[in-house]
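Here it is: the structure, laid out below.
Chain IDs A, B, C and D follow the sequence of writing; residue 1 opens each chain.
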């Protein structure tokens, strides 16, 4: 190797001497293209799902249609009382939020949901639930198809923080798809946030949140304000009293 | 709902009167939740596609399966010589790159492609094409299923700049899906870049580029280096000599 | 040029042939270092100030100690009633805010201020003023030396949005220095913010705000919420009723 | 103040009672301002230096003018052979780079340097040294006052990655000041970078690097490419054979 390098250097030197060339880019030096090619590290091979909705091979499947074994009551850790039927599960009013047993930080999340089939209520009272990244950063779930509410509380909003770029909600008879890229916040030793959480969301394939920097946990009442917390925390789904359905939930740790 | 609000208001009022409280957060003041609710601007309503692959109502459809009317030769502006068959079109070797007639800046882009059905060549010689945002920022198209090449040149790489997080390529018999969020670079009056272009890419639904900041135009030979350019420029597809197929291309201006 | 390029290519070809080298990075190819060297565009020459406090040659000096000719009443555009003495000027209670005649977007701002020499009041009542980038994004000015207030309202806070990383305030007898890097927000055609404003602040040379993404205009009452506005707007200084002094103000457009 | 608050509260109460208002922002509800005021966590008190050049009380002083006790040879860990004279130290040609004994990640760095007093050489040969954050991310030190070189290699460049926004170099008889905000890169379990290092630099008080995202370690030859490394690594100063002087070096962990 050493010898080869020396030979290369010699050739190169000869090359320079003979041309007297200053290799500045402005003269469009024809470098070997290999100079900008790298071989390591090799990205791991992942089998994507059959469709873009299906879990890729490196995903942790949180709900495949069968059971809620990956979940527990957010209140007391008991088995969730939400009901599984026909490959979906439905919020069981009054039984409280549920959360994953596993904790997550930076993730790609795929989740599908559907508003109640019987339309009841208006605004925040119609088909309300929520997806809480790290248990505290809410991506809103709501029937926003033909129902008005505050813009920063409609479906696909980061609740009371960021209005979706567009309203891509479907009719309540249809399933909605969220594809989420979430990056956890970082804190310093004084408990002050040094990097806010960021989130990107596609709603039914349409960009609705574009690398939004969260202001702190999403609050129903009052102002978001970061407090230092663990690097990984469970994903939570909200019981807001409406029979919202969920299906096909998977997550990839980034 | 209305009644409930009034009741809340009354309670809140009573609460204030009875305590004469200085409203500092540390005392967990029960503010009216309406304080953090906004009603304007209202995000435009968009009908998403039937599936997440289909163009939403606000998309500009660049190829729906019929013709290349939205495209022209990148070389001379003539009508593209690439062939449309069965709802797809195929790179016609030696006819050169094609580009959109319309120019774009910040966009969400959906595009599907398929490697040639007869496997020929290796590495960069197998199923090579490319998607050039603004005509100069390349998201690589390549048959990377079971063919080795430099990591920053495989499918879903930002060519010679950013390795994909994972290799989510499917077998060449299948269609590949790219969902892209691209933000154009900004330049100051001295021609120096003040905000690099950023790109996020889902490959077959799997995150492969996460808000990557490009270093300049992607170069086969030499080093990327930004040069000030227009705010909007055409999207380009590369003729690299391999019969790569494309279909279902749409773009949303952000 | 053509000929020279061809000669280079020939030499280079000879060079490759003779070594038989595959130029992959893994073999630590000794490329010519000139390959990564660029000569354009040339950054403009700027004479920095004699000290880091002094305006560099490309700065717009907003106050050099002499007069308020660059400023006007924010209310009615009349000449400011704030008083210039000894190379400084002082907030004149009740005369209202003042703002620059010129509008600014992305800037580097240097500004020095001093709390009133007679300590009166507490918390927000002691030495309160403010620096409003684009007339609406406030970097707080306050005597926070030995006076308590809410953390997101102390000196060097982004008012009611971001607590400074540390409290670097000096005793009120001394001059305080802010060095600010501000990037204006961007909005889309629907009036929705697509890039929040960001701010970095050094307070007396100590980092207190690190590329913080603002949530909207800073509000005394209520919640910040972006509304689309012009690319450039005047810089404003606040009359909060306290005789805060200012001096040595300059800005560089970025 | 107290009284005023109580009056405000009364007014606010009356206001609510009289209107029975739904508190939407569009009606400009007069919320209590205290709703957006936070008291924790309290930013630590830091005594800034007497001038913005002096180390604040929470800084780790790496060179105060006396000795090189905080440093060691980068090659073999021996005591540095660079010479301390008159409150400065000078690169001792041929003795190799020196680095801090302590390792650092995210930092604010203040450092002053001066080109050799006898001008020798041109371009990269004149007054060349370098400041390597984490031992591998170089902020260039060079006499760029009236000497031409490649723009991405001049003083205040991120070596071969980012041209400074302006050339704020002083004459070699004068001391140069760098104020740096650096954020370390992050890597995932596969060794792929998930957050690039970022850097902001003020050169003699003038912004020259604005939150630039590094592409990997800065390389003299070849292309930057991240490799996973420790969260904290020593700061290194380069012996490039020229008698560059340094003084007044301090760092704050962020």
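As a working rule, a contact is a pair of C-beta atoms (placed from the backbone, for glycine too) under 8 Å apart; a residue touches a chain by one contact, two chains touch by 3 or more.
This is a predicted model, so every value here is computed, not measured.
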Recurring contact interface, reference C-D, options A-B, B-D or B-C [over half identical by residue number]: A-B
Chain pair, A-D or A-C, that carries the greater number of C-beta contacts: A-C
Inter-chain centre distance, chain A versus chain C - centres from mean C-alpha coordinates, in Å: 32
Euclidean distance of C-alpha centroids - chain A vs chain B, Å: 16
Residues of chain C engaged with two or more neighbouring chains: 24-25, 29-32, 35-41, 43-44, 150, 163, 165, 188, 190, 192, 194, 210, 222-223, 225, 254
Interface residues, chain C side, partner chain B - complex: 24, 35-36, 38, 41, 43-44, 106, 150, 188, 190-192, 194, 222-223, 225, 254
Parts of chain C lying in touch with chain D, wherever the complex brings them together: 25, 29-33, 35-49, 51-54, 56, 58, 108, 110, 121-123, 125, 150-154, 160, 163-168, 170, 177, 179, 181, 198, 200, 202-208, 210-211, 219-223, 225, 252, 254
Contact set on chain D toward chain B in their complex: 2, 5-6, 9, 12-13, 16-17, 20-26, 29, 31-35, 37-40, 161, 163, 165-166, 188, 190, 192, 194, 196, 210, 213, 215, 223
